[in-house]
Each structure stands twice: as structure tokens, then as C-alpha cells.
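Report on the following structure.
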């Protein structure tokens, strides 16, 4: 995808237009953050929107990009810019952004009249403080690698921010879209409360039970929030969450389990997010036998019944994937799906080439996402047919991540994010890191590292395309991550919930929601 | 009597100390890292290391234990690694929830066991008594989690009479709370109801043939009064014992029922804390569970003594 | 869930003869005919269960791990008597193979509980004093934590898996056996035949393990059946919480867990494993009651004779 930095650009990649035609209902309801459909009657103001969440958050820091915290971020905080559904940048807290001709700095003009929840006005110095926090090893959380290319952030005056980069970067808008602005005086207490500029203000948090936000009457947004309050109810059990939706306790549920989609379709508004905000995958340790041979890893590409997984594990609510990139991504390559079909005979051939006969490996899975152990079981059953034994180990999250992050595994089912943004951002996932990689340590396959570097170094669309092709080829050739299927978010809304929207990352946007009952 | 109570309380200390040491030892041995729960799956090893240092986890274990013990002695149970809240506050939020479930379950159990026990004692050879024995055997054999599933399937899904999960505090909305309590209380109370029914029956059978009852009957007091007043008083003792035991056990042991019905109670919190390696919460919770169990046992023994004047503690 | 009220107090049902060498002649072997109707049915079911477990590969109609993904969630039919699960696997075959885990768990729990618990209990009861107090405090500690929590913590230590679940359940069973053995020891310690044996100059080890243990055996045997039942339930509970048997190995508890998440899609999934667990526990409890009946009726003591004529 080309991005002209000084103005919103038009999509040029053909696949994205095709993709948009298939999005259907989701697009209609989520169409653009600012474009609202014309109303037949006046929108109702007031009420409490109850949102069912499958997990609690453990911090109010929007720089912590854990999937669990997504829903909070859009509603408590604002980012510097936003993306619409077509990944076109839109003004957020920054009204204008001008990239210097040499591509090594960007000048932001901040929106006027924005207030933090405490009443303090937003100033450039606050943005600088946020960048400083993101770059701090102790406080940066997941934003730390994202700001690695930032050399310096200054505030020439109260309404302008100048960001200087170390090298030319094609990912500038991705960074601005991910950067949420926290009120600096609240930065020390982010464990228990949050304060930003977002449409809703923090009211209370009862850990493990619920969080309540109230309308920010001073919000700068196009329509000040319609509901009085938002209550996020935490459910550790997704079945209980669905039951709460059905009994009317919750008005809206983020992440409806695939198995309930068909059942609830008639009673509720089911809004599908973007397939591929996350991609399910099999992580392979290329330094441990038998997968230290490339051919053995490539064999796995043919040994996974991707469509079977989509049908029986994901109940059809998804699509198969061979590469991690979503359909909206510039690096999306539909031909890969054709090349890597489910073919156990071919897998056996490749195993033989790698000298593997009747091998054995342990596969880790995380029970919090029941699809992961299920995918592992499918793999196990299919590999058994060609004489390869897979032993499942379902570990709780601390043990699972300890081993996965430490490279102490042979196989592991997992998923990766950042699959919709600029392709090189895939390297923010631990398994795709170009250095300090849990599996390869610092010996990451050269072809991949080079491809990432190439993609990051250029803003010329033609050169980018070449780089992306190399990137895909490298990933498929080395096959230390075997993508399986996209994770499709499904939001379930009661019929009286109107004007729900979501971002490209499938984060819920509640500022326009009204309760028509 | 007072000396007995003091003696029992004194015995509490070594038990608690032993429990706390055991918990600390386990933490040393349980693999896993709370820093990961905090930072998520893409954290770098360096970030994790710094987080561990911030939590004080890089100090030698005996030092950590000593620090913790010192704080507990002052009444400070520490702070959760995950969300930074004081453990005491977390416990205070969860305990009433479990207590509500426990009380409801025991009430349900008594409501079932009382009539069943009485009827089977008064008419020992009838088909009712046989039915009660059958019910007892069944209720003691059915696994709690299966019973929960069956009840959800029948009353929640097929008949749609009752909600299948969720918690409403009884002290805020008693009417609504009852609807949400029926299924979980039945699930948890079924087993106890069988045990209680047996005890009630046995105690009644024993009492019905005692001399003083026969004398009362000979004096012409109505049979009903005989049964209800004298015999029930006697049956109260084992009932109180069982109820006390169960109360202590449920406070921590209702994990499964809490999981099935999504009750934000103590058992589920402990399960979560173990899974995320939230050490301080685990320690605080286990201490509380042990304390509660032992104290409730003591209380039960005292009530026991009040009920039966023949019992004297020295 | 708390263990069933067990026969905690040893009945004084037998007073065996002691010969001049201090050897003990045990009372005549208990008469199995006195198991009673319930007990016999219980025994039969337990035997059937063991057969299922041992002969699973021969009895099960299909491979419990074979996936037929196109046949997901089929209801009970002639080809699949209990229906199929989320991978199209035959639930009946999985239930039959699941018997293996349950039977072994019961056995391991009982063995571990007995081998560790009984000597501890006898030691404490016999020696008394500080040793006894120490052992009792330790047991109190274990007993004060509800079984499921204790098992959860042990699993966190050892890691999940069926073997570790069996160990955890066994450890949980230790205090019960210990307490029972201790109670029996305390009672028997003052009995005449024991005092007599002591007077003969027999050493303490011999006293503990031949004299007392052999005579405390009957209530302990009753306890094994009850413990086996609780062990089975506890293992199922652990698997239900995801801490026991790992997929895809079939365990009744983990099948109930999965069945629960598919209650709408496949209601029978959660039905059959639970039915089987209940039947097994019923059988074991009935067996325990039967043993209890033997204990009350068997033996040669005066109390036993009284029980028989009652």
C-alpha cells in the first residue's frame, strides 16, 4: 500500500477493494469513524451500556497493547491519528501532520481545545512526555519497540510537536495511530486508574468484576458520547458472558466465541471485525531437532488441514491463511493459499527429505484460548497418519509464555498480531523479531532480516512491493511460523444498540453508541 | 471452658505458621513467573527481569518470607502483583460472595434434609424411607460439576426458568439474588443434604426409642410434640457439626460451582491467582481458608457444648 | 466437596488369640456373603469397571483418538451409541478408555494414601507425645485446606497431567488414612491382647506393624472403597478444571469440561461421562457400606456376635 504522507491517500492495492466488498454488514455498521448513516429519528441520549468482556485488564496503561486491554484504550484515551476502515489516516488528537521532505521527521499540529479528564488542557509538552514514557525501559511496555526509531521529540510551541526519526521510516502513520496520549500526572497510577482525553472518563474499577466509565462531557469528538455510562463486566467464562447477553444483562459482547455465532445470529446483531486482526499460527523451533532442518518445517505447511481447522475448530467463522498478513495488508498474497494445500503425502515426502521418519515432538498450547489446544489436536491427529507423534502440553499462561518466550519449546500453537499494518510491523511479535528472537536468538534467517530491513527502508511503493515479496518468500521458505487461519472477531450487539463501530485492530469504539430502548 | 478456648486458639498459631511455610516452599518450587502475567506474551527478557526486580522477586527466598511474615504480623497481607490492590481488599470483596453461596447451599441442604430425615425416621419401613435412602446414595455419588451441568441444561437452557450464571449480592437485591442462587445452591447443597438426611434420620431413630421419650408418651403428651421438640433437639448436634464442617470447607472448596456459575468468589479467585502466579494473593487466601476452617471448627465445638449440657471441655 | 463421613472409629470387633511367641492369630476371614445386596452390586460394578479398563482396546468399538471431522456433533445413533464430539470422535469409545484413568487413579490414590498415611497414623498414635502432636498438626494443616484447593496447588507444583493428578489425589488421601489408623491405634493400644503382647517383651516395631496394624485393618479396608470414590471424583474435578488429564487423552472429567462448553450444540456430550462417574461412585460407596456390614457382623468379638444376632 502506498501512503502519501502529507494527505490521506487512496488505496491502490486491488485486493483491498475486493476485500471490502466481502466485509458486508461489518462495513456498513462500522463504516468510517466519522461517517454516520442518516437517522430516521432523533438519537436517544443516556443510559448505561453494559459491555461483556472475556477477560479483565490489569493495567490502565494504553501503551500495554495486550489484546485484553484493547477495548479500554479507544474509549478512555485518544491516539494522535486514527485510521478509517480502509487504513487511511484521519485526524485524531493531531489535526495536521506534515512529514519533512527527507522523511526523517514529522510535524504535528495538535487539535485546539482538547482537555484531559481532569480538566487540564492538552499541550505539546504532554505529547512529549508520552513519547518519553514510551521510550523508557521501565515504563514503555509494548510501545518501546514501536518508538525505537524515534530520535527526539520536541515541542516548538504549545500546539506543535516535532518528532525526529533516526532513519527514514514508512511506518510513521502506524506509530501515530498506535500512540495513545495519557495525562502525564496520571502516569504513576496507571495500575488502578487511567486519565486521558477520550470520550469516557474513569469512574471505578473492581478488579475481576467490572469497570465503570462515565461520559466525558468536554469531549472534543464529533458527537459527544451518547450514553451516560459504560460498564465493562468481566467474565472469566465465555459461556457465562454469552448467557449474560442472552438474559439482557449485557448489551454488547466483544469476541463472541465462534461456536455461538450460528445460534445467536437471529436474535442479535452480529458484527464481524476484520478477519486477520490476529492470525492463528504454529510456532516451530528451528534450532531443535527434528525441525532444525528446513524441509521438516516446510512439511508442516502441508500437514495442517487449514480448512478443516476453520470448519471444525472455528465453526466456519474465519478463513484459512498461509501467511500472517491479513487481506487488507499490502503484503497479502492470495497465491500462497493455492500453493500450500493440505497434502499429507507431500508432507511425508518433505519429512523424508529431512531425514525424519516416525519422529516425535511436544506441542504447547494455551487453554485460555480454547482454539489453540483444539488446533493442536487436529495437527496431532493428522500427523499421526504419517507416523509423526505430537505430544500435547496444555500449560497455564505463565508457564506457556515462559517457555515460548524463552525458546524452550519444539512446537507451540499461538497467534500473532499487527498483521494489518505495515508489513514489517509483524516483527513486533516475539516470534517474528529480527533480533533477540526467542527461537533464533540473534541468528535470525538472513533472508528474512534483510527483507524486513528492505521493507522498512523505503517509501517507494514499487520497491516496497519487491520487499514484501521477498518477505513472504523468506517466511515461507524458512517456515518457522506456519500460519493457519485468521482470528475473526465477532461482536454481538443487542438490537437496541446503535452505531457501534470498531477500529482496524478490532478495538471497540463506543463514542457514538446509543441505546434505543 | 475459657481455658479450653484459649488452648485451641493457641494451637492455631503453629498450624498457621506451618501453612505459611508450606505455601512459601511451594512458591519456590512452582514453575512460572508473575512478571509474564503482568507484561503479556511479547515482553522481552529484559523487561521481564526488570519487572521481577520491581516486585522484589529477585531476593533470596528466606528474605522474602521474613519480610512477608513481618508484614503479616502487622496485619498487612501485601499487594497483588497483578493489579496492585491490597490483598486484604481483594479478600474482602470475594469473601461475602462465597459466604452468600455457602449459606444458601446449607439452607437448601437443610430444607431438603430436614423433611427427608424426619419422614424416613418416623416411617422407617415405608417406600418413602427407601426412596430417601436411594436419594441419599445418589446425592452422595453425583459429582458436583455434573449436577451443575445438568441443572443448567434443564432449568436454564431447556426450560429457561432460571438464569444460568451470574451473581447478585443478596444484601443489595434480595429478590433477584434468590433467582440467581437457586441453581448454584442446589448444586453445592445436594451432597450435604444427603449427609445431613442420614444424620437426622439416625439421630431421630436413636431418640425415638429413648426412655425419656417413652415416658413422655406414657404421660400422654401428643406424639407430634414428642417427635418435634425432644428428638429434634438431639438431632441438632450432628447437624451443627456437619454444617460447621461444610461451612469451612465451602469457603475455599466451592471452586467448581463458582466456575460453572461464574461466581466471583474466593475459590475462583484462588484458582486464578494460582494460574497467574499472583503469590501474595495465593498466600493471603490460603491463610484465610485455613484460619476460617479452624475457627469455624472451634465455634462448632462450642455450640456443640451449649446444645448438649453433658459435654464439658476441660 | 468434602469426603464422605467415613467410619472413623474402629469397632472393637475382634480379639484375636496371642500365642506364647507373641504371634497373633487373626480372627477367621470375614464372610463375603455378608456383603449384602447393595454391596454385591457394588462389587459387580467395580469388577465390570476394572474389566472395561483392562480390556478397553477389545471392547471399545472405535479408536478414541480417531478424528472424523465431518461427523462433528452427531447425536446418539446406532453407529455412535453416545454420539460424537467436536472432532467427530466416538464418545462411547472415549468413555470406555476413560475408565482406565479412573480405575488407575482410584488405585494409586488408595495405595499412596495407605502406604504413607497408615504408618504415619500408627506411629503417631503409638508413640504419642511430641511426635504425635507434630504429625497431627501437619495433618490438620492438610485437612484444613479443602481437597480441591490442595490438589490444585500440588498440580501447580508438579505440572498438569493424569499421572500428576493421581499423585495429587493420593497426597490428599493421606490425612484420612492417617487419622483413621491413629484412631484405631489409640483404641487398640490399651486393649488387653496388646498389653499382653507387650508384656511378652516384643519390640515396638513388631507391635506396631503386626499386632496393631493387622487388627486395625478392617476399618481401613472400608475406607479404601470410600477413598477410591473420592479419588475418582477429585481426578474428574481436576480434569474438569483443565489441570488433570491432557487432551486428547479421554478422561471423564475433561470430557465433562468440554461437554459443558458445547451444551447447546451437543447436550448428550455432557450427559454420558457424568452418568458413568455417578454409577462408579455409587458402586464404590455401596461396596464401602458392604464392607462396613461385614465389619459389624464378621469377627469373633462379643460386639460382633451381638451385631449378628441383632
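Letters A, B and C name the chains as they come in the text, with residue numbers starting at 1 for each one.
Methods note: a residue touches a chain if its C-beta (ideal position, glycine included) is under 8 Å from a C-beta of that chain, and two chains touch if they have at least 3 such contacts.
Model, not experiment: these values are computed from the prediction.
Peer 1: If you tally contacting C-beta pairs, which pair wins, B-C or A-C?
Peer 2: The greater number of contacts lies at B-C.
Peer 1: If you average the C-alpha positions per chain, which one ends up nearest the average over all of them?
Peer 2: Checking distances from each chain centre to the full centroid gives B.
Peer 1: State, to the nearest whole Å, the distance from the C-alpha centre of chain A to the C-alpha centre of chain B.
Peer 2: Each chain's C-alpha centroid was found; their separation is 42 Å.
Peer 1: Return the distance between the CA-based centres of chain B and chain C, expressed in whole Å.
Peer 2: Centre separation, chain B to chain C: 23 Å.
Peer 1: Centroid of chain A to centroid of chain C, CA atoms only: how many Å?
Peer 2: So the centroids are 49 Å from each other.
Peer 1: Counting only residues that touch at least 2 other chains, which ones in chain C make the list?
Peer 2: Correct list: 159, 260, 263-264.
Peer 1: Mind pulling the chain B residues that touch 2 or more other chains?
Peer 2: 31-32, 259, 275
Peer 1: Could you check chain A for residues that touch two or more other chains and list them?
Peer 2: In chain A, 239, 399 touch at least two other chains.
Peer 1: Going by the contact rule at the top, pick out the chain B residues touching chain A in the complex.
Peer 2: Touching chain A from chain B are residues 31-34, 36-48, 50, 54, 80, 82-85, 90, 93, 156, 163-166, 259, 261-262, 264, 268-269, 272, 275-277.
Peer 1: For chain B, which residues count as touching chain C in their complex?
Peer 2: Where chain B meets chain C, its residues are 11, 14-15, 18-19, 22, 26, 29-32, 137-138, 140-146, 149-150, 152-153, 157, 191, 195, 198, 242, 245-246, 248-253, 255-256, 259-260, 267, 270-271, 274-275, 282, 286, 289-290, 293-294.
Peer 1: Residues of chain A touching chain C in their complex?
Peer 2: 239, 259-260, 263, 305, 308, 311-313, 367, 370, 373-374, 376-378, 380-381, 384, 392-395, 399
Peer 1: Taking the touch rule as given, give the residues of chain C at its contact with chain A in the complex, in rising order.
Peer 2: Going by the criterion above, the answer is residues 65-67, 69, 72, 86-88, 159-160, 242, 246-248, 260-265.
Peer 1: Which of the residues in chain C come into contact with chain B in the complex?
Peer 2: Against chain B, chain C makes touches at 1-2, 4-5, 137-138, 140-141, 144-149, 152-153, 156-157, 159, 229, 233, 236-237, 240-241, 253, 256, 259-260, 263-264, 267, 270-271, 273-274, 277-279, 281-282, 285-286.
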